[in-house]
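The structure follows.
Per-chain numbering from 1; labels A, B, C, D and E assigned in written order.
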Amino acid sequence: MAYARTRHHPPGTSPGTLRPHEVPKGEKVTIRVISYGPDRFEEKELASVDEALAYRDAPGVTWIDVSGLHDMGVLQKLGDAFGLHPLALEDVLNTGQRPKLDDYETQQFMVMKEIHFSGSMIEMEQVSLFLGKSYVITFQETPGDCFEPVRERLRKGKGRLRRLGADYLVYALIDSLVDQAFPILEKLGEGIEDLEEEVLHSPTRETLHAIHDVKRCLLGLRRAAWPQREVIHALQSEGSRFVQKETRVYLRDLYDHTIQIMDMIETYRDITAGMLDVYLSSLSNRMNEIMKVLTIIATIFIPLTFIVGIYGMNFNTQVSPWNMPELNWRYGYPTVLGVMLMIAVGMLIYFRRRKWL
Amino acid sequence: MAYARTRHHPPGTSPGTLRPHEVPKGEKVTIRVISYGPDRFEEKELASVDEALAYRDAPGVTWIDVSGLHDMGVLQKLGDAFGLHPLALEDVLNTGQRPKLDDYETQQFMVMKEIHFSGSMIEMEQVSLFLGKSYVITFQETPGDCFEPVRERLRKGKGRLRRLGADYLVYALIDSLVDQAFPILEKLGEGIEDLEEEVLHSPTRETLHAIHDVKRCLLGLRRAAWPQREVIHALQSEGSRFVQKETRVYLRDLYDHTIQIMDMIETYRDITAGMLDVYLSSLSNRMNEIMKVLTIIATIFIPLTFIVGIYGMNFNTQVSPWNMPELNWRYGYPTVLGVMLMIAVGMLIYFRRRKWL
Amino acid sequence: MAYARTRHHPPGTSPGTLRPHEVPKGEKVTIRVISYGPDRFEEKELASVDEALAYRDAPGVTWIDVSGLHDMGVLQKLGDAFGLHPLALEDVLNTGQRPKLDDYETQQFMVMKEIHFSGSMIEMEQVSLFLGKSYVITFQETPGDCFEPVRERLRKGKGRLRRLGADYLVYALIDSLVDQAFPILEKLGEGIEDLEEEVLHSPTRETLHAIHDVKRCLLGLRRAAWPQREVIHALQSEGSRFVQKETRVYLRDLYDHTIQIMDMIETYRDITAGMLDVYLSSLSNRMNEIMKVLTIIATIFIPLTFIVGIYGMNFNTQVSPWNMPELNWRYGYPTVLGVMLMIAVGMLIYFRRRKWL
Amino acid sequence: MAYARTRHHPPGTSPGTLRPHEVPKGEKVTIRVISYGPDRFEEKELASVDEALAYRDAPGVTWIDVSGLHDMGVLQKLGDAFGLHPLALEDVLNTGQRPKLDDYETQQFMVMKEIHFSGSMIEMEQVSLFLGKSYVITFQETPGDCFEPVRERLRKGKGRLRRLGADYLVYALIDSLVDQAFPILEKLGEGIEDLEEEVLHSPTRETLHAIHDVKRCLLGLRRAAWPQREVIHALQSEGSRFVQKETRVYLRDLYDHTIQIMDMIETYRDITAGMLDVYLSSLSNRMNEIMKVLTIIATIFIPLTFIVGIYGMNFNTQVSPWNMPELNWRYGYPTVLGVMLMIAVGMLIYFRRRKWL
Amino acid sequence: MAYARTRHHPPGTSPGTLRPHEVPKGEKVTIRVISYGPDRFEEKELASVDEALAYRDAPGVTWIDVSGLHDMGVLQKLGDAFGLHPLALEDVLNTGQRPKLDDYETQQFMVMKEIHFSGSMIEMEQVSLFLGKSYVITFQETPGDCFEPVRERLRKGKGRLRRLGADYLVYALIDSLVDQAFPILEKLGEGIEDLEEEVLHSPTRETLHAIHDVKRCLLGLRRAAWPQREVIHALQSEGSRFVQKETRVYLRDLYDHTIQIMDMIETYRDITAGMLDVYLSSLSNRMNEIMKVLTIIATIFIPLTFIVGIYGMNFNTQVSPWNMPELNWRYGYPTVLGVMLMIAVGMLIYFRRRKWL
């Protein structure tokens, strides 16, 4: 995994010069338009970008959703038709952007992240949103998205979504993006609980790797969630020209969600940091235990081995009465065995007193 | 324990769509109304939510207390009658909320936490409060609560509580919730003192687990206490339309309590963090001690064993005068024993000088 | 030591309901009144609290100093006579308060801490001060205090203290409380210096305990000093109605003192944190040294012991010329000794190259 | 590498007294002037600084680029002609400056850093920029720079760069400087990924050095990037007299880039900090593994060696039936071998139960 | 070294009561007056403080520099003549002050620190400055100072220093004090570089002490530099009555210097903190290496020693064909040697596979 990938305008070109996004070949750019009002709803997948231009001045709210970023023509034409700023388009293409909110004269431009679990690592897709007076334009890197429930609600045609304007649509879209974090965090949380059990009771080398992976996941999530929170805060509190008062209370609620997400991430980070300490302590504990066994065995047997070594010496007992007379004693052997037993028992008592046993 | 549980509006529904809270079956929703003024007091457990509606425009102050969140009808009806915002009702149901204060047009909505000790872990129950002009509505997850003393004071009918308005009632309720933290913190503090003794004098593997548990408790407490403090601060200082000047001085006092709670939590966290260091140092210390014993025993006996090994060799002394003539010396054996004694004593002196003994 | 002790209004009673402070029996509440002006001075120990009430409207400045908090009547009567707020009186009794400044209509109420060294731990006594237009009321837990120098200056009757009003008296009292921290910090500082020497040159298990104690002391001091600083800042800068401009410059100077105290505490904390690292490094260093000795001894003698073991085998040399012919060589024994010497010397050279010696 | 090098005005001289920058001899100071407007473009390398003065009042925008800082005359003359403040000129010469923006009456003065990779360490060159009403003056330490693409765009004569004023030129120059950080960060990121693999699977002593080097790189980058960000923020938001509204939106975009750079640096720092923990854990893990092998081998063989030592003792079996009768048993030897086998197997089972195998 | 030394007004005296500074006896208080204007310059060492009073209303700027703080009369008289506030004079005497800026009615009072290297530790001398409308009064603890270059520039009589007022003189003096930190930091930086080499390639116990000393130095520097920075910021930005606009730009430059100093200190602290980690890792690495050697030697030889021990047993081969028949085999000895060789080689292969060799 590359930690960050940021493309910026190529040297020798002025900022705002567009270059196509690199994608696996054969993938198509999909443009889908939804146009609606309280009483009408129209959904259409467009064959070419030129059709989209007709919706510029359509009544009600228009949502143009572009999946795939490799066709420069599409971006350029949409940009020209809706007056999207070249710098914003550049940011659409450079998918390593941090979530942010930029105010342009005729739109507000937002960069958000869609979070997926891919295996045990977290993947992020950049979603760019333009909020104009009566239209929303979204750009996604790949076709699949989490906006289907929003579309469904639009189709069903009831509720606030159809009644309120483009700002509420943007709220609904961002809400989908943000709420995706909850199941992922819950899954992470379960993983952390398991890890915690493991680290306390049977830590292995794999536990360390797993802790490390979780930490990396959380680092990535935090990197996305923090600025996302700021985006929503700016949208809600500053009162851009495009967000109406009625929508603002929903954005405040969404803002609470992002605070909750940050809160969970920070809690998980604290827990994970603590786990590493516990892991290291467990290692030390184990080491201590192993050392204790070694020490007890060695400390008991090394002196005993010395003693039996003594009586394995070959001093000539016949030459002198000073040379190992014990060897010829009647109870020499049992005496030595007895002495060794006493030493061993003495040591065990000593160890027990020191609480090593 | 799951670290966080957050439900949000289900996909495909607009925000504010209510779904019942999951509860163990068979539990009943209890609705209790207390209506009072300086000279009157009425307390009643309601059979159905419809009765509650009569109290909407009752004179004096009305407190509607709902225990159990699984009956959607109750919430919906209360919400309609008192004009509670759907987003707030959603937060009532999603009991993983962070404590917060949201300002709606006709009420202030607060989420607070009731803290219990359950075994050695801390449990939290969400308590939601709506403060309107002349009424307070509270929602609790389960029947038991810490509001009984407040009810008692209301029944006795003397003091500020009966004289002042709904804002003072909310103060009294939050005060009960906040002050519950003190005995829990004191119990925790005693546990920490015991742990500290243990970690300094006889740390075991269980000590580590206990430190870990305390850290987790404190993490949880802090996560609840921090935003609670902000809620009370907002209630007191910002001067919502619903809080009168006379009540504000009590809220400021309550705010001081929350600061004190935070202060205690931080102090405990500092102490607990320090304990882990001490624990690790103790482990290292122990390891050192064990290693010292092993080293002393091994260092003394390994050379001695080598020497006795020498005189256990079977070189043929008869073949050559160069082959182990010591074996046939008159004082060979005592000499070797003496040499070994000198080596052992020398080593002991060396160890003593190095302060290993 | 209990880390924190906070009493709050008992359940079932409204806030501001007073309950007597628990004290060792037999201790008496002392009430001392000093009433002074530029030209007059009167000092009196009162037999009963009723006498104090006469001073309420006395000309000049009146200082009522109450030692001992267990007589509820005294507090209640003083409270009634001087219009002290019940919440403030509650805080006077609950001696686990954090230092704080509360503004009431007719007084400013301050909670401060008097710091003592008791053995090697720090003890704190709560001192509560009420500053009114022409009076100061102080409450202390126990009789002894650090206000004697202030009284002395009042008695001598010269200088600003007699000339200026109640606000300057409060400044003088708080100044006494704050300046008490300096000798304690200096004593702590000396202890830290000694510890530092010890940790670098001869760390023992006791060193760890001592570091731990110092850390705890500093934690306690910081917990008291930080809010104290805020109290003085509020008193000086906000300009309460009770503090005059001339006094404010003295409070600013006092504020500088508290910053200096915080600064010293933080420096000590940094140093102490560093000491733990050094302690752990020293342990590791020691371990390394011990291991080195063990390794050198074992690495040299284990192979040698193996060799002597070989020639201690009992293969029958008479059965076959292949069986240990060395035993019958003329220079077998010296050769083996020589080989072993060479091995030992070789190893020592190897160790020296690796810088283990 | 020296961590910081700061020259300040020499003692005995007033601030703003210039002294030549120390450079390797033989290098020449190059002065290059580009003067342009929407319809005209002129580029010239000047033989002497006096020629530059003619451009002071030239129409359109003039960019004077000075490479090499050792000719005092050049600086002094330019300073006099364009009214550059002596303190700013001093900062141009003292190449250890932190990036900063200083507002002078007739210019804005900026210090920026050009970052290069030199081997595995990061090198920085100071670039100083003066932005006046219609001119930009840049000073570089060495000839090579990253401004060539900007010059190329000027030469090609199309786009905003020629149309807009000196402020946009400064934006373009700073943009070049900032965007240079991205490839360097990507290279660093790849190095960190490799390191991470290494630290998890085969950590060596070199890994530690590499982690250390990366940390140092990041420290250096952060030290440069942080104030650079502030400079751009000040340029964009404060609205100096020299920056026009149209340029400001580009500066805001550039500001986003610097935030992204900081974000990447912080992420890398977090990852690198985590790696050290993993490294230490890996070391501990290894140690444990080694200890386990040693302990198993020693624990099995030390008792066995003791047993064989027993039967190597030379007690005289003929003197007494108590002396090692086993030696004369028919199945003595196989019995002993069997007993030892049983002990060894028993120990292996014990180890397996303790999960040491 | 005492970490902090703070004298405060003695108990029983009112604040502002002066007591002489303790100094080694025999040292003299020196009073030097420099009085100058654009066209005049007068320098004189005064015999008594009374002469100084004549300069109070002298035209131009007067700088009274007092070295030595033990003569109370000098301070008192100067204080009376120039209206210096007693609290400020108290701070002049209590040389443990933190750098600070206090605004009095007729002067600004500053406390600054002069930093020296004394051996390998840093020493600080307190310099107190009073800035009045047309005079500067400085107090130093000891005679030597870093103001000589300023005096030299005054004597030479050219440049801004003579032209501008007392505020610029204060700037010049503080500039001398601040710039003294740079060579000290550079020397520290070189020491850190050396330490870094050492810690990576040959860490010893002394390295640890050296790291510890550097950390202490940096702690001390930071403690002085941080508030010094605030003093200069306050002087520059707040616009006291005594600082003119022309001087302010120089103070801003000086402020940049202090930021740079803080920046260097923080960088050094980061590096030093990293070094401790590297040091500990190096220790662990070493330990691992030592353990490896021990384990390899022990693991190879312990089983071999066991084998040779077997054939050193004295079972009677004549009693039974089951008793150690190997001893009488023709190739018994070579076979055993061969088996042992195979075991040793096998182990070495195993170790190589585990990468222990």
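Note that in this section a contact is a pair of C-beta atoms (placed from the backbone, for glycine too) under 8 Å apart; a residue touches a chain by one contact, two chains touch by 3 or more.
Owing to the predicted nature of the structure, the values given are computational and were not obtained by experimental measurement.
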item: Other chains in touch with both subunit B and subunit C; value: none
item: Rotational angle, Cα trace of subunit C fitted to subunit E, multiple of 5°; value: 70
item: Interface residue overlap between copies subunit A and subunit D, same or different (over half shared); value: different
item: Distance between the centres, which are taken as Cα means, of subunit D and subunit B, whole angstrom; value: 41
item: Computed distance of Cα centres, subunit B from subunit A, in Å; value: 25
item: Of all residues in subunit E, the ones touching two or more other chains; value: 280, 284, 287, 291, 294, 298, 302, 305, 309, 312-314, 324
item: Chain-level touch network, classified as line, ring, star, complete or other; value: ring
item: Order in which chains appear around the ring, subunit A first, subunit D after it; value: A, D, E, C, B
item: Contact footprint of subunit E on subunit C as seen in their complex; value: 149, 152-153, 159-161, 172, 175-176, 179, 182, 185-186, 189-190, 192-193, 200, 249-250, 252-253, 256-257, 259-260, 263-264, 267-268, 270-271, 274, 277-278, 280-282, 284-285, 287-288, 291-292, 294-295, 298-299, 302-303, 305-306, 309-310, 312-316, 319-320, 322-324, 355-356
item: Complex contacts: residues of subunit D adjacent to subunit E; value: 1-6, 8-9, 11-15, 85, 87, 91, 96-98, 100, 102, 104, 202, 205, 208-209, 212, 215-216, 219, 223, 276, 279-280, 283-284, 286-287, 290-291, 293-294, 297-298, 301-302, 304-305, 308-309, 311-314, 317, 324, 326-334, 336
